[in-house]
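Take a look at these structures.
Heads up, the next two complexes both have subunit A, just with different partners, subunit B and then subunit C.
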Partner chain A sequence: MEYDIVIGLEVHCQLFTESKIFASDANKFGGDPNTHISVLTLAHPGVLPKLNEKAVEYAIQLGLAFDCEINKFNFFDRKNYFYPDLPKGYQISQDKSPICLGGEVKFKIKQGKVFSSHTVKIHHIHLEEDAGKSIHDLNPNFTYLDYNRAGTPLLEIVSEPCMTSPLEAASYLAEIRKMVRYLGISDGNMEEGSLRADLNVSLKPKGSEKLGTKVEIKNMNSIRFLQKAAEYEIERQAEILNNGGTIIQETRSFDPDQGKTFGMRVKETMNDYRYFPEPDLAPIVLTDEEIKEAKVNMPKLPYELFETFSKEMGILEEHAYLLTEERALCEYFLETSNFTKNYKSVSNWILSSIKGYLNENNMEIIDFPVKPSKLAELIENIDKGEISNSAGQMLMSLLISSPESNIIALAKSNNLIQSKDTDAMGSWIDEVLTQNATKVEEYKKGKKGLIGFFVGEVMKKSKGSADPKVINSLVADKLK
Partner chain B sequence: MTYKTYIEFRKSLFEKTTLLVDVVKEFLQNIEKHKDLNVFLEVYSQEALDQAVIIQEKINLGSAGKLAGMVIGIKDVLAYKNHGLQSGSNILEGFKSQFTATAIQRLIDEDAIIIGRQNCDEFAMGSSNENSAFGPTLNFADKTRVPGGSSGASAVAVQANLCHASIGSDTGGSVRQPAGFCGVVGLKPSYSRISRWGLAAYASSFDCIGPITHCVEDAALLLEIMAGNDDYDSTVSQIPVDSYSEISKSDKKYTIGYFEDALNSEGLASEVKDLTQKKIEELIALGHTLVPLSFPRMKYLLPTYYILTMAEASSNLARYDGIRYGLRTKNAGSLEELYKKSRGEGFGKEVKKRIMLGTFILSADYYDAYYTKAQRVRRLIQEETNAFFKQVDFIISPTTPTPAFKIGAKSDNPMEMFLADIFTVHANVVGLPSISIPNGETVDGLPVGFQILGTEFEEKKMLEFALNIQKIDF
Partner chain C sequence: MNIDIETIKKISHLARLELKPEEEQQMSSDFAKILDWMDQLNELDTSNVEPLMHMHQGVNVFRKDIAKNELTKAEGLFNAPQKNEDYFMVPKVKE
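This part shows the complex of A and B:
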């Protein structure tokens, strides 16, 4: 039997605010256990939460980036349950009135050289606080508690169950990670748990309207694993259904070593969280001005940049796609483009030489020593014919070790100035032609392709400093 | 010298006819002498004496604050840094607060002296002070009777002259009802007038800090100091604080409403009724206009109050789990047992009852039938009450339907116990300010209170009216 795959994701994203969502304790990953805590985090009697405005601004920004409706009157609810790493016995969350409603995530998936466009609908985005951490594996008889994480601001991005393949789900999550990094609201680090996803998978007979029973796979902390877990889960469910079985609604976990999902606990009935409006916090009332201000503080978004790069700046779509993968890359590109109009060349430099260097050295673009203005200067000099392309490559390596150097001076001292001295070139050409008399004969008999060989030989003699175009025409003249 | 008002006392301090250390010593002696009343859970004797010396110095230098030398006791639900805080409960056994409630800090900043923390019903749940893990507090007017609750001991402290004033909390009448039972003044301001930072929560959308004093003037002064915006409480009102302490006697005439049905209800003790009626006649004689009001929804006040407060309490008290502080059972083999036993051993009967009922009220199957409906009724009552205030300046009533009852008399009858709050809960359900002032005594010498309900953030008007009609018998 054939099935439609239905995938939905609940993505939790920790926000990069300096302090926690309802307390002034530092919001930092790492640190010794229980060092970023206070009476508020520990829920001492008499404490009251105070909302961190930055978290609200970040929520609005993500909402705007995904084209959500910003809910101008929203409030917090208490989600009540007991767990040792939940200090108050309830989590402050948003149940009835999330800060962002609807919206969609648009992204492209590249398979081979082909791009396909995808849109995943968002149900809502809400604000909440993270819990602390229970550490079970330090001692078999004890559970240790670290409350540093308790109160970290979280955005929960809940998609509609509308994804139809594991690849689409993985790409959706990658797009969210890209976006939160772009906006600078989260580091999107899945290994450290800044970004985590719960994956909901169900199957229904092809074309059927009715959704099948869903299985939730909790706490996916890698995009690759998410895709694998979804793939495995689809296979598992299809097999059960094909054998006439039924899917149990349950929570499962994914073991990356075995590539399999395992049942955690059967959800007999839904957990009763006894949600009710948080009486200790005033509702969040947003004005158009506040929303506008959040928007003003936003950088340009990847899909906007993709359009700008490909449509206005004439960059190949494939390159525009690669450039917009990372905000820092875009920024480097845009800044360089402030100094030169040869955008294509800028893009080529970044995506080939610079990226190559970064990958080799396991480095981020922000740590790349050559500043955008220097790169632009290099490009301009190549375009003016002062430096040849190949000399440019050599200059780049030299610049990496002395990024402040003057380009022309550096080129001169390394003999990389493109020679415009036709006398010198003339003598090199004469030498080459004399040394290759037989080839000259062949050329004259009609083997015109040999001109490239002559030019190459002359270039070698010039140690890359000659302009190949000029040599080409000079050689052609001589051989007439 | 008998204490009448802080202003007068302050004068004697500044004129050096009274020495602050002597005052503190006298209070400490009184506290010791009346230990049987079971008012103070902890007395900060040495600190109070040390403070007296420091503040006396300030008085001598002329740099003393607005409350210089006022000796204040605080209910055991208010956080005071490095001092015990147990909310009258075993579950907070040995707990010391690491910060000070905003309201208390503001008193200290004005050179008040905190003399100790006072007994109360566990987590402020109760109307008789019998629900304390530390045993009942006795009414100084009759030691066989309750002082009311939950700020019962705070009222007795003023009644028995163990301090100048007390700071209590009022969620459904917990300041006014014991003030009525003990013949002192109890003020509940508008909801959110005073920051709740540092008040151990019972029901967040009802809880108010309020003073218990000898006179309206002191209540006004303490409110003025404690009220106002606070960075630590995002629900606190931003409305500027009036100069309550500048109230003065006037012959302003008001239109005053009262609920006729309530005054004629069966549950109202005849002596309470008579004293209230007498007060009404006095008011008419003073030239005020009295208007009988019909309030059919009054019967929904108590159910609304209990449903919502229990729901909020069940969540507010979830933090007391034995994990991070307070009592942790020694007999747990599993996490679930740790929770059940710690909470089972730590909480008293009334608190457990309210947590269970509150949990039930919020459960998915009953949420709409109880919580949602009660919220709706709360809004209706608010609207109806606001409509009353289009007609009248104040609504008056007795503070309680009966004078203080015998200890143990209502312990087995929770519904009857709840009725003790019938007149006071209205103010909490609608968030309005209300004050209880003494209104004479029964033949047996039991104090009876008179309650005024005012309009939101118009505490000054209400206090001025209260000042005009308060009778102080010395």
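This part shows the complex of A and C:
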């Protein structure tokens, strides 16, 4: 039997604020246990929460980035349950009035050289607080609690059950990570748990309207694992259904070592969250002006930049895709493009030499020593024929060690100015041709590909200062 | 209004209260009385009244995003029933 795959995701994203959502203790990953705490975080009696305005601003920005409707009247709700990582006995969340409604995440998936466009609908995004961390393995009889994380602002982004493949789900999560980093509202670090996802998977007979029973896989902390878990779960459910079985609605966990999901032993807790409006926090009323203002403070978004790069600046889609992976890369590209119109060359430089250097040195583009204006100057000099491409590469490595140098002076002192001296070139060419007489014979007999070899040899003699195009035509003339 | 024992068991579980069987009986009849009393409110037609969530009319009470640590670890742990030098300790919660 054939099935339609239905996937939905609940993504939790920790916000990059200085302080917690309802208290002023520091919002920082790690740290000595129980050092980022306050009477609020520890739920001492008689304390009152006060909402961090930054958390609201960040929520609005993410909502605008995904084209959500921003809810102009929101309040918080209490979600009641007992668990020691939550000392109050309830989590402050938004149940009835999430800050963002609807919206969609648009992204591209690249398979080989082909891009496909995808849109995933968002159900809503709401604000809530993270819980503390329980540590079960330090003592056989006790659970240890570290409340550093308790009260960290979280956005929960709930998608519609509209994804149809594990790859699409993984790419959707990757797009959310990219967006929160772009906006600078979260570090999106999945290893540290800043971004985590619950995955809902179900199958229904092909073409059927009715959704199948869903299974939830909790706390996925890697995009790759999310995709694997979804793949495994689809196979597992299809096998059960093909054998005439039924899917049990349950929560499962994914073991990356085995690549399998396992049912979690759920106790009959009769959970009932008994949500009710949080009486300790005043509602938030937002005006159109405030929403507009949040928009003004936002950077250009990756999909907007992709369009600008590929449609207006003539950058290959493949390159535009790579450039828009990271905001800092886009900024470097855009800044360089203020100084030169050769956008293609700028993109080539960034994606090959500069990225190569950054990867080799495990460095970020913001720490790259050569300023965009310098790169533009280098490109202009290559375009004017002052410097050859290969000399340009050498100059770049020289610039990395002395980024303030004047390019022409640096090229001169290192003999990298492109030689326009055809006499010198002529004598280099003669030398090369005499030294390689047998190859010259082969060339004359029709092995025309050897021209590249001759040009290369002449380039060596010129120490990179000659223009390979000029040499090419001079060599071809000589060998006629 | 009749509140069955199952409902009483559920509510006491959610509140983490352990009731003896005779207490459950008592609770069931008390609960019924409370709900009957509250039920009188339904005599009023409130279909056009917005639910009251806050006694106070204020909105948009925000705090600036400034971090300050007001409590040391030792102070935080001070009143904990069980603790070590770093952590709060509770009976094992994982099966």
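Throughout what follows, the second predicted complex is superposed on the first by the 423 of 480 C-alpha atoms of A that agree within 3 Å, B and C clash if a C-alpha of one lies under 4 Å from a C-alpha of the other, contacts with A are read in each partner's own complex, and residues count from 1 in each chain.
In this section, contacts are C-beta pairs under 8 Å (C-beta built on N, C-alpha and C of every residue); 3 or more make two chains touch, one makes a residue touch a chain.
Just so it is clear, the structure is predicted and the values come from calculations on it, not from any experiment.
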Subunit B versus subunit C, judged by how many residues of subunit A each one touches: C
First, second, both or neither for A:212, with subunit B first and subunit C second: neither
Which of subunit B and subunit C A:272 touches, first, second, both or neither: both
Contacts of A:56 with subunit B and subunit C, given as first, second, both or neither: second
Touching partner for A:17 - first (subunit B), second (subunit C), both, neither: second
First (subunit B), second (subunit C), both or neither touched by A:166: neither
Partner chain in contact with A:188 - subunit B first, subunit C second, else both or neither: neither
First (subunit B), second (subunit C), both or neither touched by A:135: second
Touching partner for A:103 - first (subunit B), second (subunit C), both, neither: neither
Partner chain(s) touched by A:283 [first = subunit B, second = subunit C, both, neither]: second
Footprint overlap on subunit A, where subunit B in one structure and subunit C in the other make contact: 39, 42, 50-51, 80, 82, 84, 143, 145, 270, 272, 274, 279, 281-282
Residues of subunit C touching subunit A in the complex: 10, 13-14, 16, 51, 53-56, 58-73, 76-77, 82, 84, 86-95
Interface residues, subunit A side, partner subunit B - complex: 39, 42-51, 78, 80, 82, 84, 87-90, 143, 145, 270, 272, 274-276, 279-282
Subunit A residues within the subunit C interface of the complex: 17-19, 24-27, 32-39, 42, 50-56, 75, 80, 82-84, 134-136, 138-147, 265, 267, 269-270, 272, 274, 277, 279, 281-285
Residues of subunit B that touch subunit A when the two form their complex: 77-79, 85, 87, 92, 95, 97-99, 101, 196-201, 203-205, 231-235, 311-312, 314-315, 317-319, 321, 323-325, 335, 339, 359, 362-364, 367, 371
